[in-house]
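The next block holds one structure in the form of structure tokens; read it before the comments.
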């Protein structure tokens, strides 16, 4: 004889029930594996790299052995790899901002209304196609006997093929290429919401075009810019395909490092530790972004 | 509706328990290492469906086998991986009574250090790790690993993307064994490789032959089969060299994983490729040397007489097999990370 | 005046984005197997594709997995989106977090985690493990898309239907569902493309006889680009782009310019 539930309460109950299958599946396929990965990261590796079973648990805890992989993961050589990944991701983000912002600006504020959707769709579609295939296409372009060199030679702009493949430049090109849509979309979303009357008001008050931009448009587009930077930076630090396919495998990035521990390094627990630290770093950045955004009253545009 | 559902569940259950399909053989081997006609021939003879998945490094093979959940029936590990696989019970001892064609193998290749008595593996193909270079651009004849470290060829050098192989080169230049475990020596070798890093255009274990052939590099460190193909297609321009300091001989072997679902089919296949005609087809197809001496009469003379594929025995003095170096491989891997983090 | 520069810059960026794709497509019809100079039109490479058993098998597997993962993910994702949009549902915060997990966690970490997971449970690697892995990251996409769609429609209509005597189930299926259907289909199409193209996670959890198309393409790319790769890549790119365009159309609700 409990009180009857109101319609909205019943709706809420049904809602909770709807969540159950999702929690089952995602919890089982995402959370659980991550937790298991966390568990393996505390074990020492065996001969072939698998986590080794612990025979003496109390000794394991007391001696501090359990933290061994995490202690290992911050050795200078690994920190150097992490630093390089961060640096590369940062440069990629900067370049994406430089190249992408004007495009978003154009679509949002200058392009005719009827074209906007098409232009935006065109900018975003490449994101959905296979990253691997698009990066491989760059190999055809950048090789010594590739399309770009062939074109430049044909136009007599150069007399010897430029070495573009297997360079840091090629890696940057690949990274920017892959991540550009991640910047264009959020920045567009921000700019699109801009109140046009503010722009008019600004020029009415005597500001130049450039002044209006830096004083009015840029600050108001900050949420989009921030979101774009976050969306570009995060996949950037976990990258490893681009440095192999376009960079001649000359550089080891965090992604390569993790993958390495699963193969020639024969140390899956260490790989797990580094992988989880990478995830934690990403999470921390996102939380910091969310807090900063909330504090400024910006919408968290993710 | 309920019946359909039950049927689907049953099907799902069957598939997930990986019930041994007695008519299926799952092979996991190196890319481009098993000609299609050999596979088709086996299928025609036995009716067994063969699926072939490929890997490009021993370490990938090890990782998959070590996961314990990759149910391949036949794998092709290289020499130095076999001991760890045995220790971790990832491959099974072979019942040699089922391999009636075993006598076709050249005894000189049997009973190696990495698998005494061939308890777990049968030799498949073997070769050398040397270098090939562009004779037209590099006019002084090359006979040493030094050319890979010569600043004159900056940006025109390619090395295998393989820590053990690169260290082997450095260690041989130092007059040491490729299975050196002394940390001090390994650090010295790493220093040499670190200095080389700036000269190397790319580290590549897959299409080093094509990179050389296209002219992107002038010197390529690589395995002899693919490089020998490039040389034989263009003998005026390219040459393959076994440097005088010595280097790596390697041997790939066929093994049966512990997780195999269909060991019977595996044995049938192993015996099949030990037949002289089949072994010869493999050699003719991938242009690496076989340990099968009975096959020689079916191997194309062009390959049999190619000193890059079948080198004379005296050329191989000072050439060693890679051994498993146990815990030292972690040091090697760390040094490799350092080299690549510059 | 500055608008002209913006226009030129934007055009340049579009050339940058589509250049490689178009080049790949063009080369797939190129007679010459190497280099990037045009030597003549041919359909040979496409013909070779259709007689290449490995690629056909890989393509079939990819399509099978994508279809399965899409079906499951669409149902789960839509359910999650509906639940999240109801104010009374408990656990909305954590669920949103759970749904964002695949987007936050780098692919390589997810790959390692899933491989370890299957290892620990001694679950044999096969098309099923690949399928499950694909479901794990697909649900989020559908949920996000449908949720965006839900935000744009009038939820009180469902209440109105119930006021008029419809049962909650009828109210949902007759009123709300048709309104979100374009979103669900769009989400499904997008998830389909993500699944067919997935490389990193699949490479970790693929087992015997579960080489998918991206894995096959990757190994072909690594052993040197033959034009066959260009052909199959072009086909895959084309398929993806068509599906995404359709999804975009579906999401463009009446009047709004909604975008993914």
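Here the chain labels run A, B and C in written order, and each chain numbers its own residues starting at 1.
Just so it is clear, a residue touches a chain if its C-beta (ideal position, glycine included) is under 8 Å from a C-beta of that chain, and two chains touch if they have at least 3 such contacts.
Computed from a prediction, not measured in an experiment: that's the story for all the values here.
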item: Pair of chains with maximal C-beta contact number; value: A-C
item: Per Cα centroids, the chain farthest from subunit C; value: B
item: Length of the line joining the C-alpha centres of subunit A and subunit C, rounded to whole Å; value: 17
item: Whole-Å gap between the CA centroids of subunit B and subunit C; value: 36
item: Of all residues in subunit B, the ones touching two or more other chains; value: 67-68, 214
item: Overlap residues in subunit C, where contacts from two or more other chains coincide; value: 34, 115, 119
item: Multi-chain contact sites of subunit A, meaning residues that touch two or more partners; value: 50, 145, 262, 268
item: Subunit C - residues contacting subunit B, complex; value: 34, 115, 118-119, 122-126, 128-129, 206-209, 211, 219, 222-224
item: Subunit C contact footprint on subunit A (complex, rising order); value: 7-16, 18-19, 21-23, 25-27, 29-34, 36-37, 40, 50, 99-100, 102-103, 105-107, 110, 116-117, 119-126, 128-134, 136-141, 145-147, 150, 177, 180-181, 185, 189, 209, 234-235, 237-238, 240-241, 245, 255, 258-259, 262, 268, 271-272, 275-276, 278-279, 282-283, 286, 302
item: Contact footprint of subunit A on subunit C as seen in their complex; value: 2-3, 6-7, 9-10, 13-14, 16-21, 23-24, 27, 34-37, 72, 75-77, 79-80, 82-84, 86-91, 95, 98-102, 104-110, 112-117, 119-120, 132-133, 135-136, 139, 143, 159, 162, 168, 190, 193-194, 196-197, 199-200, 214, 217-218, 221, 225, 229-230, 233, 236-237, 240-241, 243-245, 248, 252, 257, 259-260
item: Subunit A-touching residues of subunit B, taken from the complex the two chains share; value: 57, 59-60, 62-63, 65-68, 84-85, 87-88, 90, 155, 161-163, 197, 200-204, 214-216, 329-330, 333-334, 336-338, 340-341
item: Residue ranges of subunit A touching subunit B (in the complex, touch as defined); value: 46-50, 77-78, 80-81, 84, 143-145, 163, 165-166, 248-252, 256-257, 260, 262-268
